[in-house]
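For reference, the structure I am asking about is given below.
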Amino acid sequence: MNSFGHNFRVTVFGESHGPVVGVVMDGVPAGIELCEEDFAEDIARRAPGAEGTTARKEADTPKILSGVFNGHTTGAPLTIVFENENTRPEDYAQFAAIPRPGHVDFVAAVKFDGSNDPRGGGHFAGRLTLPIVAAGVVAKKLLDGIDFSSQLVALGGSEDPDKWSELIAQAAKEGDSLGGVVECKVTNLPIGVGEPFWDSVESMLSHAVFAIPGVRGIEFGDGFKAAAMKGSEHNDPFGPEGPVKNGAGGVNGGLTNGAPLVLRVAFKPTSSIARAQRTWNYETEAEETLEIRGRHDVCFARRCPVIVEAMAAIVLEDLLAL
Amino acid sequence: MNSFGHNFRVTVFGESHGPVVGVVMDGVPAGIELCEEDFAEDIARRAPGAEGTTARKEADTPKILSGVFNGHTTGAPLTIVFENENTRPEDYAQFAAIPRPGHVDFVAAVKFDGSNDPRGGGHFAGRLTLPIVAAGVVAKKLLDGIDFSSQLVALGGSEDPDKWSELIAQAAKEGDSLGGVVECKVTNLPIGVGEPFWDSVESMLSHAVFAIPGVRGIEFGDGFKAAAMKGSEHNDPFGPEGPVKNGAGGVNGGLTNGAPLVLRVAFKPTSSIARAQRTWNYETEAEETLEIRGRHDVCFARRCPVIVEAMAAIVLEDLLAL
Amino acid sequence: MNSFGHNFRVTVFGESHGPVVGVVMDGVPAGIELCEEDFAEDIARRAPGAEGTTARKEADTPKILSGVFNGHTTGAPLTIVFENENTRPEDYAQFAAIPRPGHVDFVAAVKFDGSNDPRGGGHFAGRLTLPIVAAGVVAKKLLDGIDFSSQLVALGGSEDPDKWSELIAQAAKEGDSLGGVVECKVTNLPIGVGEPFWDSVESMLSHAVFAIPGVRGIEFGDGFKAAAMKGSEHNDPFGPEGPVKNGAGGVNGGLTNGAPLVLRVAFKPTSSIARAQRTWNYETEAEETLEIRGRHDVCFARRCPVIVEAMAAIVLEDLLAL
Amino acid sequence: MNSFGHNFRVTVFGESHGPVVGVVMDGVPAGIELCEEDFAEDIARRAPGAEGTTARKEADTPKILSGVFNGHTTGAPLTIVFENENTRPEDYAQFAAIPRPGHVDFVAAVKFDGSNDPRGGGHFAGRLTLPIVAAGVVAKKLLDGIDFSSQLVALGGSEDPDKWSELIAQAAKEGDSLGGVVECKVTNLPIGVGEPFWDSVESMLSHAVFAIPGVRGIEFGDGFKAAAMKGSEHNDPFGPEGPVKNGAGGVNGGLTNGAPLVLRVAFKPTSSIARAQRTWNYETEAEETLEIRGRHDVCFARRCPVIVEAMAAIVLEDLLAL
């Protein structure tokens, strides 16, 4: 369903090429200063512009429809929409019958019996992460004193940022795309965030993170490496200030332990590539070769640190408002 | 909170050394044949016995408290409990002040202000996965025609099962422990399982899987490897039967695509080890050396394939009963 | 919170004198024909115009922001907003310190620490029932074959419609207001709608109905009269077609029984009256006499049958989509 | 579904003639003293014994299965069961085909396709209110400083307790039954309890109250009488301490206003009566005359004040723990 959270509840709506994408936030306390400028910095972090990102530019101006009066939140639901201005729906006409590999075209058409909005992925589009970023801004405001830092730590398989320009240039030249890994770190969290049995802090974070299009995996602390370690290596000994190292990524038994919360998220390479791909035409029942034109990121993962961070903030505000 | 799911809702309760651990399942249709023997096979898969697993043996006999009449489910909540027989609470007395590295002792004491049940981890214990296995049995019954297979694919960093005995023997000798990776594969799922925006099939599965104690990461299909691939490598071309390879692990845009659903889960090494570990005594404010006695798995991941599978079944039944 | 329902979930937002009031509906199946004209009839039933209703006129034109493509629902969230055009916020300036009897002014200011939007009741305004009527239109479309009929059955204490004009004229002349009783009847429901233990059909209906501003009571079938009857009078004997009379209002044990579902809802008299009322000035700490100007219904209950009906449809669609 | 509440969540299970009825409470804070004796007083208030109540006697001894350690709650789910000892299932054998007027027999058989447990109403039985009373005891403990008082205010249509014995004796002699009205009053509540838009305090209370078997109506303050009053009569003027009278029953705009919360609940007469009733035999397709033997309350409403009170406490704890 399109709502997430119990106490800070985020409802997302809209389509990539419809009139708006938007969000309703429920559980925002009254009396918080909020204006449209507050969103500018994080929206800019998500916007294209860096090497390897799309040429589709939107004004991305938030419009507050409810929940703010005289520059303060009112305690009523906070609704923010973003108008979709720069739509080019004709780019997508062909994919109803001939699904793009890696895209939701095919399964969405089956699930919704052909009635889904196919333009730009419709409700499945990456553009839906724009209202998520807006919700993240609000959540971070509410999580006063808690610090977030998020960055790309790998691109195209390389952990060395010096090489990323070159990898992107090469992939662009080949009409191909690249994936990446985002790391998000949250510090100054209280001890004990998370709710047994089902709502461990990792459960809630991974639930939200896998709602971001293109995520293939998530891990905490030593992550998959922990599976190859011995207990004596992976365990974090306790000292006077809590754990003395952070193999657990800040979580014991599903609850934060006072150390920084550290998660890493694997993003797949952009699905839309110019390079020829094999697909199937479900109308003519024949193999087709597809070369996807349009304005696409070579590596959309570059735009994702702020999105992962927004998701983390949404989840933590939901758990802390409990 | 201790409930999960909208349409097949699973509520878990109990403590490792209290009278019972148990589960209430809501949303079970009426008229399904069910008896206590139905649980035997999966309970045996979770039981210790294999090399590297604990010597604590429980009868693990399910007792149906509600929801079954004349050998059939009634449509009312289905409650199953397991009595805790083989408890040795004295093993755990020392950890209130001197937390075991890798365990929830410390954070649970902070969160619940010292009132949590510390015996064997209390409500955080791995024993809570026993009612989960029972719920999984019921979910799999309801998911008639859908097939699950789950196995350990790595132990102690090795993907070669021939080496596992040796690794376990070595770790046991050193008083140490090992982690592992479980792979779960689900076939014959309909296309389109998952609910945008928030309840993608990966979101729901990861939410449930991270409720299992000791999970450090989860990935689908190519998983973390996808972040190092090009679009032309990772994308799954379509053919007449759907995707012709399975880099996506059976999921596009958060919805199942007809290919097998494939997830891998990283389990950390068992936290309780006999080998000396450094910890802190929060009463005397002094460093301590801890050697954990008691009956512990060298590699509890060996017992986890059936648990991951149960979680997958619980989630899929919840999504399919929608 | 501002969402209701599990399978047909309705999220309401907006303030009486903000830019819009609106609704997000989740769980609307794909492929349903829907256009803005579909809402006209029910919106007209709620609009003022009848004797005893307010002179505030709004265009009340629904604007579909998401979830419809090419004239059909897409399966994605359906968002509808109504712009607020005819706002006169100056009418409400005085009530921050001097609460109007019967209104939420005082308690909202306490709850939200003075940050709530006080203009026209803000998020508590009766205007929020406009998006509810829109959601009811969608729900009734989905409940194909099920019939709703709703009407005012008492006004100002009289069950005789011939007398209502006179009662209204008299109350208007006295600067006073009147209450009323709405009856809603739903026919052709399947047997067994409602979910034990908590979500009896009466539980769900009353939950939704008490969200309408001004409701003081709800009853089903014989209602409060049943408490004064004998079992032999109140019980509905069974015949070949089900119950042969309908003292139970179509519900046994919280489940629909095939007979028409009948509920009655008591609405209080409009709180805003021109007649002098005593109140308290919480700033000067002195008694005040208040005469409320502005455009108010003498009997807002006249506009409520379609609102009660919308609530019934929302609830029944939620239960039937299960 | 069988769970209610967000922050104090109550899950109910069991059948009248199965092994147990029980409850899981989630969201109980750690560190609250709790023992089985704490339940005795309220269980006694629900027990038969007064004139007009059933001769079925149960030990009604609560058994705490989880969530308590060393006499204090642990913060983990609190599970309490009551064993069913005094079952006489043979009393109910005949009603599968020949439904009792006023009972759920017929609709439950349709809904659950004949697989429901018919013995004593199964999961629909009044006996399920026993774990509700237990949950109410816990909720009232958590609502320290808030006072509840509940009583029968009408029986068989009379508000004069002096006449009730006579009315009961007469009905018993005729093999008939009587209804009643319960009033519950809650004092010392903070201002502002309730959550707009959907979770007004009346919405939540009525949701819970209509889960009690046999409820036909609920009203707050002036209730149905308010529909026949003028605004100048019904409105509660404000004075220095808040409202100076209580026509609103302690609620404005869905939020508590500081005055006592007052609700009244109409209970129907007991459905099971010895007097001959007409029903239908759905097997033989013939009219039948039914005389119900067994041990039934003449007026089960007498046992209900503590149940209504428990529901009120459950709801208020859920809203206040928010």
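For clarity, chains are labelled A, B, C and D in written order, and residue numbers in each chain start from 1.
Everything that follows uses one rule, which is that a contact is a pair of C-beta atoms (placed from the backbone, for glycine too) under 8 Å apart; a residue touches a chain by one contact, two chains touch by 3 or more.
Everything numeric here is computed off the predicted structure, so don't read it as measured data.
Looking at subunit A and subunit B, the chains in contact with each of them are C, D. Most remote chain with respect to subunit B, judged by CA-atom centres, is C.
Interface comparison, C-D versus B-C: the higher number of contacting C-beta pairs is recorded for C-D.
Counting every residue number used by either copy at the subunit A-subunit C contact, over half are found in both chains. A straight line joining the Cα centres of subunit A and subunit C is 38 Å long.
Between the Cα centres of subunit C and subunit D there is a gap of 26 Å. Distance between chain centres (mean CA atoms), subunit B to subunit C: 46 Å.
Counting partners per residue, subunit D has 1-3, 6, 12, 76, 111, 123, 196 as the residues that reach two or more other chains.
Per the touch definition, subunit D reaches subunit A in the complex via residues 6-7, 76, 196, 322.
Residues of subunit C touching subunit D in their complex: 1-4, 6, 12, 99, 101-104, 106-108, 110-111, 121, 123-124, 128, 154, 156-157, 171, 174, 176-181, 191-192, 195-200, 202-204, 206-211, 213, 215-224, 226-240, 242-244, 248-249, 252-258, 266-273, 275, 277-280, 285, 287, 301. Contact residues of subunit B toward subunit D in the complex are 1-3, 9, 11-15, 18-22, 24, 26-27, 30-31, 65-67, 69, 72-77, 79, 81, 111-117, 119, 122-123.
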